[in-house]
Amino acid sequence: MNDYEFSRKTVEILREIRRRKPLVHHITNFVVMNSTANVTLAVGASPIMAHSHEEMEAMAAFADALNLNIGTLTPYWVDSMILAGKVAGKRGIPIILDPVGSGATPLRTEAAGRLLEEVPVTVIRGNASEVMSLFTGGKEIRIRGVDSLETVDAVRDGAYATAKEMGKVIAVTGEVDFITNGEKAIEVHNGDPMFGLVTGTGCAATTVVSCFCAVEPDPLAATACALGYYGLAGEEAARASKGPGSFQTALYDALYGLSEEAMMEKLRIKTIATNP
Amino acid sequence: MNDYEFSRKTVEILREIRRRKPLVHHITNFVVMNSTANVTLAVGASPIMAHSHEEMEAMAAFADALNLNIGTLTPYWVDSMILAGKVAGKRGIPIILDPVGSGATPLRTEAAGRLLEEVPVTVIRGNASEVMSLFTGGKEIRIRGVDSLETVDAVRDGAYATAKEMGKVIAVTGEVDFITNGEKAIEVHNGDPMFGLVTGTGCAATTVVSCFCAVEPDPLAATACALGYYGLAGEEAARASKGPGSFQTALYDALYGLSEEAMMEKLRIKTIATNP
Amino acid sequence: MNDYEFSRKTVEILREIRRRKPLVHHITNFVVMNSTANVTLAVGASPIMAHSHEEMEAMAAFADALNLNIGTLTPYWVDSMILAGKVAGKRGIPIILDPVGSGATPLRTEAAGRLLEEVPVTVIRGNASEVMSLFTGGKEIRIRGVDSLETVDAVRDGAYATAKEMGKVIAVTGEVDFITNGEKAIEVHNGDPMFGLVTGTGCAATTVVSCFCAVEPDPLAATACALGYYGLAGEEAARASKGPGSFQTALYDALYGLSEEAMMEKLRIKTIATNP
């Protein structure tokens, strides 16, 4: 697709989300439950947050997408993700994984690895360090807490090869986002440094990807369009704000109110050559 | 009571809350702990969030109302609610139940049922699907996640009969709110569609009911006045905002700052005939 | 230090935080995980929220400060705090304790006591009732939920004696904050009543103290400067807001954007005589 087609696609997916209001089941961390639920609603979808083993299968049975996030994880929560993920996999709904802090501690690296083994994940969205941990097994990753110390450029080749090997879409977000399915690759140039000053904005990016995948069958295009739209909403929010508090407020407003005209003009989503 | 008397009553209850600053013990879900604590403070009461079995009896022993909410529940949390609920019941403080997602999964439907059996709940506040699940046992409910697919009108008769049978106040919120104790019935016409775009606004409605019940001995009037005041604050917030982010900010401001003049003029709380 | 020196010191610590972006490991309550993460980012540090026993030692091994908060505690979480606290203690990083609700229930009073026995806490930040519970063993404390019913003045002597005995810094926050290490004492006169209308603002004060202690080796000065800066940000936020919703938004903006000029002019941090 060219730039125009990606913009067109983004507009169409958003229309479809608002028409169908898909249900996105989140098994996510305590820090972002409220903010990612609000992002889901601002995008036009419906969030359900649930993790009790007793209702994992029932919840996964009527969701339109499953969002897994390992921030503030304990073993109980990883088991919840596997229970829900198996049902989601059987039903063929998209499963989106945010490997928060993978590479920072063995618990997180192993949880991400176990989820990738036992659950048919469709898309992985992480920062450069987190994505790197997926193909190095967590060794020698420079990461501090959940902040990446690696650059997107440093993991492009690894992400590409891993996406190919695993048969998944991998999105590495940073100054420029890199999205690949191991065959094609896309860059998203929308975004704003203000995202780094609000907690959970990475998790929220994954939530937007989940909303887009819930209605769009091509997960590569869905992921790229989701990240472009989210980044552009951040650009608009940054213009309307004076600091991280007003930025977060304006971000929800922009996700809700971004005009189709603005998307057609300002989205910067580009297919890039994959054979250098 | 007529419209004028409900408005008067609302103003009086709010004054009393701000004079006494009642303590509202919440055992609630992870998504809304922060937002409902902020709503409690904006109304003028004091929130305490606590769920550890080891302190349930101690906390319930000095609270002025108990707010139970089954979103993101696990069996541990339901046990917390029962421990606190028994102490609250012995002390005669009002207990307000928000059956989040009852009808969506057996775990939630059963938790709501068990709480109603073991705890002397005073008021139940839910959407139409959730309330319907209380009298159908969760069968054949159309609900998606925690979003109602039933209308308030469809559950009026059932809510009325169930309130009568259980001896409780039941509030069904939606475009028009319906509140009944199985004898009298009240409609609240305040509100705004923006509430649907922010997570936890239903849970927050229940919190406002809890604050009002903490100081007003008549739970039917307290519930109706609480929902009128909350709906009107939403109307004011919608006027002052550009999307769901600024709406939530403006909602806390309005709950805090709504003038008595605005309440006397704009509350739309009406007793309705119960023998059709 | 005189007033000018405290203002100078505050400016320098903030510059250092923004230069080094220290990692502050929080083991904290569900209500404030999102808001204190945002405060950490607005100050210029990096938050990591983690509590699983399996990763406590790994997380504590690369943190620059450890923030412990017993709101919404269960025994599991207290054990997490002790696991992390032991590693933090061995590494010599500052450990800051917020004894939320200590004095309100035996569980909380005992948890605070156990943490103080088993973990080499550097600074304790609480309201007057919470601090009083630390030296009375929780007997006869007037506290309601997590709201202090004691005055800062009533606990000055006790806080001073306890700080001396324990060899720690104790900060009692209220209308005027009182900070002591049992040798020197400091008052902070910055602040605004609006803080009382937003949940978790006490917890956030502790977070700011943790950020300051992460880069400043003198915990007494770090704590005083942190509370002055936080209080002044609240003053600026109150001027820019219409109620508790817009206050919270403006508070993050002010923490992020407070100018060095404003700090040099408006901070009111004063050493006071300790031998009356």
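For clarity, chains are labelled A, B and C in written order, and residue numbers in each chain start from 1.
The rule we apply is simple: a residue touches a chain if its C-beta (ideal position, glycine included) is under 8 Å from a C-beta of that chain, and two chains touch if they have at least 3 such contacts.
For clarity, every value in this text was computed on a predicted model and none was experimentally measured.
Colleague: Please tell me whether the contact surfaces of chain A and chain C are same or different in residue numbering, using the over-half criterion.
Modeller: Different; most numbers are used by only one of chain A and chain C.
Colleague: Superposing the C-alpha atoms of chain B on chain C takes a rotation of how many degrees, nearest 5?
Modeller: Chain B sits rotated relative to chain C by 120 degrees.
Colleague: Would you kindly tell me how far, in whole Å, the mean C-alpha position of chain C lies from that of chain A?
Modeller: Using C-alpha averages as centres, the distance is 34 Å.
Colleague: In chain A, what residues contact two or more other chains?
Modeller: 30, 34, 248-249
Colleague: Show me the residue ranges of chain A that touch chain C in the complex, using the header's touch definition.
Modeller: 29-32, 34-35, 71-75, 101, 104-108, 144-147, 196-200, 241-246, 248-249
Colleague: Would you tell me which residues of chain A are touching chain B in their complex?
Modeller: Against chain B, chain A makes touches at 21, 23, 25, 30, 33-34, 37-38, 40-42, 46-55, 58-59, 62-63, 248-257.
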